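What follows is a set of structures for review.
In what follows, chain A forms one complex with chain B and a second complex with chain C.
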Partner chain A sequence: MLAFLIRRTVLAIFTIFSISIFSFMIIQLPAGDYVDSYILRQIEEGFGGVQRSSAEGLLERKEALRKLYGLDRPMYIQYFKWIGRVVQGRFGQALEYRLPIWDVIKDRLFLTIILAAATIVFTWALAIPIGIYTAVKQRSIADYSFTFVGFLGLATPDFLLALILMYMAFVYFNFSVGGLFSPEFQSVGWSLARAWDLFVHLWIPALILGTSGTAGLIRVMRANLLDELRKPYVVTARAKGLAEWRLIMKYPVRVALNPLVSTIGYLLPYLISGSIIVSVVLSLPTLGPVLLQSLFTQDLFLASSIILLLGVMTVVGTLLSDILLVIIDPRIRIS
Partner chain B sequence: MAAGRGTPLISVTDLEVHFPTDEGLVRAVDGVSFDIFPGRTLGVVGESGCGKSTVGRAILQILDRPGRIVNGSIELRLDPETDPDDAVDLASLGPNSGPMRAVRWADISLIFQEPMTSFSPVHTIGNQMIEAIRSHRGYSKREAREWAVELLSMVGISNPRQRIDEFSHQLSGGIRQRAMIAMAISCEPKLLIADEPTTALDVTTQAQILDLLRELQESQGMAIMLITHDLGVIAEMADEVLVMYLGRGVEFGPSDDMFHNPKHPYTTSLLTSIPSIYTKRGERMQPIAGSIPHPFNRPPGCTFNPRCPSFMPGVCDHDPPLFLPLEGPHLVRCFLYHDAQGNPVTAEAENDG
Partner chain C sequence: MTEAAVPARQVEVTEEERVFVASQWQLMWWRFKKHRAAVIAAWVLVFLYVIAVAAEFFSMAHPEDVETSIGYLAPQTIHWFDSGFHPHVKAVSGGIDPESFQRVYETDPDDKIPVHFFVRGFEYKFLGFIKIDRHLMGVPEGYDRAGPYVLGTDRLGRDMWSRLMYGTRVSMSIGLVGVGISLLLGVSLGGVSGFFGGITDTVIQRLIEIVRAVPTLPLWMALAASVPRDWGPLKLYFAITIVISLFAWTDTARVVRGRFLAMREEEFVMAARLAGASTARVIFRHMVPSFASHIITVMSLAIPGMIIAETALSFLGLGLQAPAISYGVLLQAAQNLQAVALYQWLMVPAIAVTVAVLAFNFMGDGIRDAADPYSQ
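This part shows the complex of A and B:
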């Protein structure tokens, strides 16, 4: 058990290190750097006097900017300087925002985690009971109906669902579904009222982000449980004279849930990458839109900070769900 | 065995179980009658797929979906000695009804072939035993646990106080089956259905488990329905024998009669297909000439007719034979002994068939 924990933790640290290298490298791949796209945009926007300066002036300015941001140094030095600061919690400047990166993303990171957690809770609260019911009542009308609705949920793109819900909420209820806060709570400090406002706004994005996950989880839960329902230990429990629902919940459902626990960790990156478009559509103050924006502007440091944070969250989430699985499944715990 | 036959504990009459599947109707049990006597062992034999397990599960009404009892009765006499008329027909009870659930484990319990998978992988042995005890007895948790520990040592498990908190995958195959037996006798049932209890075990362990079953039968006075492929095991353990073929009972009678004077040609082929049944245990049944017909393509008349050495054209391939008594308690389903109207056939007619 302890050996398992140590092994997993070491593996997790190594994975995080690899993620940091890869996130740094992948962002480097496209031609040009932040300064190129910064100057290009200034030329396009005819802003800052760049248009009037000569070609040499432009080049000089470029070199100066490169030096200022350390972009002229070799790649590995850029990486180590960056990671050295990151380990101390200093992510550097967000070039576009002219603010420390941490200030740009900390609220958004928090809201992203809250939204992901709400979506996971929503997904499980809906999918597990439906999965159980459809497996136990296999081939009933309810089973076929949920299967049909589930496939619809799987097939509908999240952003389309977001648009439809926004339209309907606005037209029929005169209710605006954007954001995670009402205007009056947008930029005030935390209070009980603001937390409640967040809670009220949270469930629509959670529902939108959770639909395809819910539909998928229903199918997995149903298939797992159908497998378990056929096992001899269920027949034993039935032969003991236990009431049907009680024995189903105690034995096969318990066993069928185990493999699902290990999927919680994978849900996280899926939710975050999947939420980018929805976040843009619903103008949610989460990490997704900032990541997208930083990729457009080729802000290497901002993008790799976000990717690194998401990677770390995924690895930690997976580690936690692995540990949870070990705690609930004696077959793994003992061997 | 010591006990006389007396009044049956369980009388199964004309039992039929169907599985309506997408591919067609599977007549898993298609007419079976037999008796189980208190404190005695009924052996059930037949080739794979003939419906042995289905009969066992039908008695407890724990058939897999979409199985259903469509005909016949299963009469259980809770007190056959003193009150032979007090019988419930289990087939008439709803599978999830209170009375049916009360019969399970308390009066009739069950063990199967795979001791590995008959216990839940995520609950301890003790948890599952205590649950069984407490759902039929008004024991406190502590009393139920004490009783479970006692049962475990009764079936020969050493260190029961430690073993009770282990999971089934921590035990060896033989110990697991012993624990299963301990759980099965925890409410002192009148009948234990053992569905191939030794098939998954090695030969030495097989012998130990069979010995254990016999000892427990002696001390508890329970009846055993022993389902097996192994005629050697039947010869050793059974007082009565039921032979099944393609869902039908073809012969039922006292074990001695069956081994020394088998009536049905299928029983005869079974016996001759094993060289020496009294010396070799653990040997699987040898296949008989011909193959088992597909369940959806059963021959008309007697389903054994394509493989039968005594096949009578025009007789055996028309109407199905009936499962009728011969002399005494012996039942047989064959036109060698009964005509289509169910009248006994004389010995002379039998020989030129």
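This part shows the complex of A and C:
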């Protein structure tokens, strides 16, 4: 078991390392570097007498700035300097907001995590009972209709669902679904009332984000339980006269639930991806809209910081689900 | 074998015997046909790809024809009969309501504009080289308008129906091209992984695990944003397709590797080897045909993901850009909630996306069931 955990942790660290390299590459992607764009902005804004200085002076200034920011160093040194700062939580300055990046994203990071967690809870709360029901009542009308709705849920992209829901709410109820807070709680400090307000607003995005995950999980749960229901121990228990619901809930369901925990691993990257675009459509104060904005304004330090954080979040969440799986499934613990 | 050669030994082949002598692909086909939803889905896809190939033919107007005087025109109904079979639409005239600043249109019930089949319209090259100007339906020459606008018009008065036809071409083909690229990546990496084993296998397996553990949309967005905006539509199209397939090859690679590993131990591979077949023959004559069906399954289930990815990126403004037409580009207009509330037909591309994705999912499901003809 320990070996399993170590293997998983090492892989997680390695994954985070790869994501950080990718994030750094994004900073490097466009032609020119930070100094070029900085000087360009200075010229445009006419600051610091740059406008009047000669081409030679400009070049000199560029070199000096490059030295100052360490951009004249080899790439790998730049990377380690950057990652060194990031590890300490110093992501740098968000250009457009004129604020430290961490100040721009910390609340949004928190809300992204809350949204992902709420969606997972929602997904499970819906998928497990429906999965059990459709497996027990296999080939019933309910089974077929849930299968069909599930397929529809899988096929409709999250953001289209968000659009349709917003449209319906707007046209039929004249009510706007966007946002995670009521106007009066928009920019006040945390309180119990504000947390409740968040809770009330959270279920719509969670519903939208969770639809395809729920549809997938229902199918997994149904298939798992169907496999278990055919096993001899179920027949034995039934022959001994155990009440049907008690029998199902006590043994096969618990066995069928185990593989579900491991699905967090693939659910989480999917959720994070979905939350970005759904947040843009519903204008939720999560990382999604800021990421999109930063890509448009070419604020690549902000963009890569967000991508790094989203990646770390996913990997840590997956690691936690692996550990949870080991705790609840003795078969993994022993082997 | 011709029938004349063996007339005496012609025996009644029973249903059961037919199964024994049928080829793998025949077995698959029989099983696939039993899956009714999958067959319907396959026909829907055939229909969509016919549209994709002949988008110009199905268009009723040129998708770029701007006619601001009929912006946000509601879908028109084609009236088929009028003392005999005379398809026509009622003429509309409109203007801007001075109070609400919304466009209002009035239908003139007496002014009938005929709609003809195989009508002459804008000239185009069918399949890229046959120059013709016939369209399935349209308003004949001599009338001062294109149309009929069966799905309404967008803000600039461009025909939504024709734009949807062109969008189908781009969105549906991105799925195919993207799957082609990821198939190439997946088969080569998965094949290398399964064939060589050892350290190569471990490295590629870790790479796959990493790619799968990462949320793809942020990476897609970042890569798509770094594609220069001044690239032409065609260049942009391929750039976006490559960006999408960069993270979509892992499923194929896993399947190919798994089959390679399992197949190496199979008796028929051993038999082929003992019979003196070369490695290449063993791989391509014996191994590949037996897992080709699995690859087709993975591919047909991967295409909808690609279509959604393109739609999402273009919808966000990071994918294909305005002169190009795809489902995502068309849906950009639906970002404006006020517009959608007033002009619901802007959401029609969303239905197209859902239908396409649903059809691929059902067909993929059918192929998956059929791919293993001996399972019950």
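Heads up, the rule we're going with is that the second predicted complex is superposed on the first by the 279 of 335 C-alpha atoms of A that agree within 3 Å, B and C clash if a C-alpha of one lies under 4 Å from a C-alpha of the other, contacts with A are read in each partner's own complex, and residues count from 1 in each chain.
In the analysis below, a residue touches a chain if its C-beta (ideal position, glycine included) is under 8 Å from a C-beta of that chain, and two chains touch if they have at least 3 such contacts.
Everything numeric here is computed off the predicted structure, so don't read it as measured data.
**Student:** Which term applies to chain B and chain C once both are placed on chain A by superposition, clash or fit?
**Tutor:** Chain B and chain C fit side by side in the superposed model.
**Student:** Should A:170 be classified as contacting the first partner (chain B), the second (chain C), both, or neither?
**Tutor:** second
**Student:** Kindly classify A:238 by the partners it touches after superposition: chain B alone (first), chain C alone (second), both, or neither?
**Tutor:** After superposition on chain A, A:238 lies in contact with chain B alone.
**Student:** With both structures placed on chain A, which of the two partners, chain B or chain C, ends up touching more residues of chain A?
**Tutor:** Greater contact footprint in residues on chain A: C.
**Student:** I'd like to know which partner A:61 touches here: chain B for first, chain C for second, both or neither.
**Tutor:** Touch status of A:61: no partner.
**Student:** Should A:73 be classified as contacting the first partner (chain B), the second (chain C), both, or neither?
**Tutor:** A:73 contacts neither chain B nor chain C.
**Student:** Counting only touches as set out at the top, which of chain B and chain C does A:254 meet: first, second, both, neither?
**Tutor:** In the superposition, A:254 touches chain B alone.
**Student:** With the two structures laid over each other on chain A, which partner does A:292 touch: chain B (first), chain C (second), both, or neither?
**Tutor:** A:292: touches chain C, not chain B.
**Student:** Pick out the closest CA atoms of chain B and chain C after fitting on chain A and give their distance in Å.
**Tutor:** Minimum over all C-alpha pairs: 10 Å.
**Student:** Does any part of chain A touch chain B in one structure and chain C in the other, and if so which residues?
**Tutor:** In chain A, no position sits in both the chain B and chain C interfaces.
**Student:** So in the complex, which bits of chain B are touching chain A?
**Tutor:** Touching chain A from chain B are residues 57, 60, 62, 64-65, 96, 101-106, 109-110, 112, 114, 117-123, 128, 131-132, 135-136, 167, 169-170, 180.
**Student:** Can you name the residues of chain A that touch chain B in the complex?
**Tutor:** 138, 230-233, 235-244, 250-251, 254-255, 258, 328-331, 334-335
**Student:** Which stretch or stretches of chain C touch chain A in the complex?
**Tutor:** Spelled out, the residues of chain C in touch with chain A are 206, 209-210, 212-219, 221-222, 225-226, 304, 308, 311-312, 315-318, 331, 334-335, 337, 340-341, 344, 347, 350, 353-354, 357-358, 361-362.
**Student:** Please give the residue numbers of chain A that touch chain C in the complex, ascending.
**Tutor:** Where chain A meets chain C, its residues are 11, 14-15, 18-19, 22, 26, 29-30, 151-152, 154-157, 159-160, 163-164, 166-167, 170-171, 265-266, 268-270, 272-274, 276-277, 280-281, 291-292, 295-296, 298, 303-304, 306-307, 310-311, 314-315, 318.
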